[in-house]
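For reference, the structures are reproduced in the following blocks.
Below are two complexes that have chain A in common, paired first with chain B and then with chain C.
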Partner chain A sequence: MNAFMQPGFWVFILTMSGIYGIFTLGLQIQYGVGGILNFGHVGMMALSSYTMAILIITHGVNFWIAAAIGVAVAALGGAFLGLTTLRLRGDYFAIVSIAFSEIVRYVIYNSDGLTGGVQGSLAIPVIGENYPSYTDTWESIMNRSREILTPIFGEIVDREFVMAIIVWTTLAILLLFVSRIERTSWARVLRATREDDEVPAALGKNVFRFRLQAVIIGSVIGGIAGIFWGLESTLLSPDDFLTLVTFYGWMILILGGATKVKGLPIAAIFFGILYGGSRFFTFFPFSMLDASERAYVRIMIIGAVLIILMMSRPQGIFGKRQEMVLE
Partner chain B sequence: MNNLILEVKDVAVSFGGVRAVNGATLDVEVGSVTSVIGPNGAGKTTLFNLISGAIKPDSGTILFQGLEIQNLFPHKIADRGIIRTFQGAKVIKRLSVVDNLMLGGQDNPGDSLVNFFNPKARKAYEVQCRERAMELLKQIGIESLASEYAGILSGGQRKLLDLARALMANPILLLLDEPFAGVNPALVDKLLEVLHAIRSKHNLTFLLIEHNLETVMNISDRVIVMAEGRVIADGEPNSIYENQVVIDAYLGTRKASK
Partner chain C sequence: MAEFVQLLFNGLVAGSIFGIAALGISLVYSVLKLVNFAAGDFLTLGAFTAFYFATSTKLPFIVAVLLSMLLGVVISLILEFIIWRKLRKTGAGMLALFLVATGVAFVLRQAIALIFGSNSQKFDIDQIKTYEFLGAQIAQAQLVVLSCASVAITIIALFIKKSTIGKNMRAYSDNPSLASVSGINVDRVIIATWIISGAFGALAGIFQGTVQGQFTSGMGLDLLLSILAAVVLGTIGDAYGALIGGFVLGVVMELSTWDALLGGIPSTYKPVVAFAVLVIVLLFKPEGIFGVKARKI
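Moving on to the complex of A and B:
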């Protein structure tokens, strides 16, 4: 139980929550507004983080440029997914989108030369040389930020603390941006397409364009989450990008209320506590399980929370019930 | 000639083995009210779907203001000025009533993401669009429900909303799919009143589908009768009564019932 008392643990939870929050925001604009069931969202995160890592390690590209290209590749991934499959109806798109993210993961898994394969992001240590890393520039930025922040916050400021602040600032900016977008008439058309294709089309709206744009915006946001994911973990592995991660995002989305962004940060923190905290479930009845079994308990709890939510509060913490259930 | 706004020439489409529209030819004059009537399965709604681009014909051409439109996407056809309503009235249930109307606004700068960075233009349009929507809501008598979800509206109110939304889109040719079906007599009067008001105010052309000749007798300049995917009669409402082909195909029971 000790870890619960340490501020470092909570800061770590905060950082993870923030990254998952950004990730989920991409789903929110796609599903909450556009009704697009994207189960392959984690693929965008994989694309951006791997692109960034490869560009820095193999090609020596500047960190900022590499990160920007990483996000752009995620956007292209979204455009590709949208252009090829968005004409399919809701549930069919969902199936194909899972396939998309799995294809991305398997390509990463099997392209040893490009991605380092199972070993992780090109991090094959070469004897006599330094461990190749893509986070050097980022770490120096973090160190400088630490020097600035320490006089303000005191001793608590460590690497994780700076990371949490940067991640949550980014999330706040993106939340503001998305909530603004969701008040435009663009979002109104997108909301209409969530229910019906024919009506907006008969009023002169190109339904496909609106959907495609929503998928691309969501992918860019997912790509930004991927950059932070890569920087936080400092070592990438294809197993970071299992479809399960997409469903974590879905849990946060539904918990916070899919149709509104304001519940999202709270849901993300709730998820973070459940995700990071469940390893400390050492009390009865969890004490009957060993450590590796307890890791599955967390997935079971997340599943149970989702089921209970769908049954009793489909609109999430803050959503409007009518906007979810009105027929 | 061209006081013809719409010309449908020898259009055919089949679904599997069923020829839903089988070589239909008809035209609509500018500023007229033309009604298409016919029994169930005559191909009336399919004809509407063809004109509005929801389905593509296997053969034949459709001209709107002299230009071919049969291969255009539905939203492109709507851009040209053909706006339709739906059989049974379609509303976006999880949008508010006023948002449903504002959806009909044309050339909205806010629909383009580029204009996200041009809030002035977006907001100016929204204010104007909302004003117009409220005006229309007042006209159809449901302005008090403006901010409610459209899903709570009754069937009749949905019909009115569907019609008003079509008007928001500044139509040149308005396609109404069974606007009076399942509507109580009092509301039929209301709908007719709204239609008359629009007609005298804007120079609109109407093409409407109805089941019964009686319903459209008084409001139509011209009646087109369809059966089995073809046009079988075409003329002034009164002449349709006397048309032997129509009586045989469709109104056969009329004399007997009198």
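Moving on to the complex of A and C:
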């Protein structure tokens, strides 16, 4: 229970919530505006973080360029997914998008030479060879930021603290950006396609192109989340990118009210506490379980919350019910 | 040649399992408009409960299989009464159904891991005995699974085609409102759908556990994507299409590893092949192999 008292734990929760928040924002623009059910969103995170890590470690590319290329690859992934399957019916797209992210993970898993495979050995230095870690540049940025922030905030400033500030600043900027986008005529057309394809099509709007754009923008945001994920975990493993993660994003999205961005940060923090805090369920009856069993219980709780939420309050805590009806 | 026969046979075995599992998903979709993401975990549940009944209670294996099918039905029906019925009443949309199904999958999978542990299990059957056929090695386990699966497939196909409830099912999935006004008992159709999906999901899981030899609590999830590919390939909601889709995918996935085909792909990439096939088919025929053209956007 002591961990609850330590500020470091809460800062960690804050960082994770922020990364999940950015990730979910990508879903928000796809579903909340365009009504697109993308269940393969985690694939974009995998693409950007692995691209960045591979470029830095095996090709010695500059960190910023590698991160930018990583995000660009995520955008390409979104474009590929959209171009091949966005013409399909909504439920087909949902299934194929899951498959997309699973294939990304499968390829990462099985391409040991390129990605380090399941061990995540990409980031583990080989003795005798001078591989850089992909986080080297980032760590030096963090150290410098720490020196700047310590006089302001005092002793609490550590790596995690700086990370939380950077992640949440990024989330705030992206939230502003997305809420701006959602007031444009582009978003109005997209919202119209969510209810009915034929009216916007009759008005001469290319429904497919609008949806494709939404998927690509969402993928870019998912890609940004992937960069932070890679930097935060410092070691990549294909198991970081299970389909489960996409559903964490969906849970946050629904919790915050899918059609509005303002509930998203709070929902992300709520999820972060549920996710991070449940590992400290050491009290009865959970005390009867060992650590790995408690991990099962944690995912069970998240599943149960998802069921109860969708059954009792599908519009989320902050959402409007009328805007959730998509039938 | 021997390799071709071997792969073809492996493909047929895998395909029969995909087909049975895909049929359950497709049937549930056709009646309830629900893509059951928890279906994979019902396979796992079937394998683990059959294992439990067979090893700890010393029941004959066939009784253990029947008990685990029964359990699959019971859990499917419980979920129908506490979850799906309520969601239908509130008119839940596609997203709500998707997410609740996913939530059910999380709970079920972790419950299996919690109850049966994370170790892999295996059925007490002869894994080594093989027969030689045209140079291929056919395992006894595979042979048993393929023959049992053929019987099961014939039974379900005939049931859907000939029985009153099967006809009602097809009528309801074609046009729910017309079916209800013509006096079809909708609740009975839905319950029958869950019974088929629960029982044959468990059976498919037991078959898969038998063929694989060892299985863990992640077995169903690993299979789910290939099964969903079979469902979509055979046009979602079409029960016979799902069966054929399952066989097509099973055979294609196995044959893709054949050396004679440009060296073949590594067998770990088989699920990728399933989806490559799916995406290619969808690109040229978005309504699935047997589907009727939907309106275009």
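We take it that the second predicted complex is superposed on the first by the 316 of 327 C-alpha atoms of A that agree within 3 Å, B and C clash if a C-alpha of one lies under 4 Å from a C-alpha of the other, contacts with A are read in each partner's own complex, and residues count from 1 in each chain.
Note that a contact is a pair of C-beta atoms (placed from the backbone, for glycine too) under 8 Å apart; a residue touches a chain by one contact, two chains touch by 3 or more.
Computed from a predicted model, the values in this text were never measured in an experiment.
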Touched partner set for A:186, first chain B, second chain C, both or neither: first
Which superposed partner A:156 touches (first chain B, second chain C, both, neither): neither
Partner chain(s) touched by A:176 [first = chain B, second = chain C, both, neither]: neither
Which superposed partner A:201 touches (first chain B, second chain C, both, neither): both
Per-residue touch tally on chain A - higher for chain B or for chain C: C
First (chain B), second (chain C), both or neither touched by A:254: second
First, second, both or neither for A:65, with chain B first and chain C second: neither
Overlap of chain C and chain B interfaces on chain A (superposed complexes): 201, 207, 326-327
Chain A to chain C touching residues, read off their complex: 31, 37, 39, 84-85, 87-92, 94-96, 98-100, 102-103, 106-107, 109-110, 197, 201, 207-208, 244, 247, 250-251, 254, 289, 292-293, 296-297, 299-300, 302-307, 310-311, 314, 324-327
Complex contact set, residues of chain B against chain A: 52, 54, 73-75, 78-79, 83-84, 86, 90-95, 99, 102-106, 108, 110-113, 116, 122, 125-126, 129, 149, 151-152, 165-166, 168-169
In the complex with chain B, residue positions of chain A that touch it: 180-181, 184-186, 188-189, 191-192, 194-196, 198-207, 213, 322-323, 326-327
Complex interface listing, chain C residues touching chain A: 35, 83, 86-87, 90-96, 98-100, 102-107, 109-111, 113-114, 118, 225, 228-229, 231-232, 236, 266, 268-269, 271-272, 275, 278-279, 282-283, 286, 294, 296-297
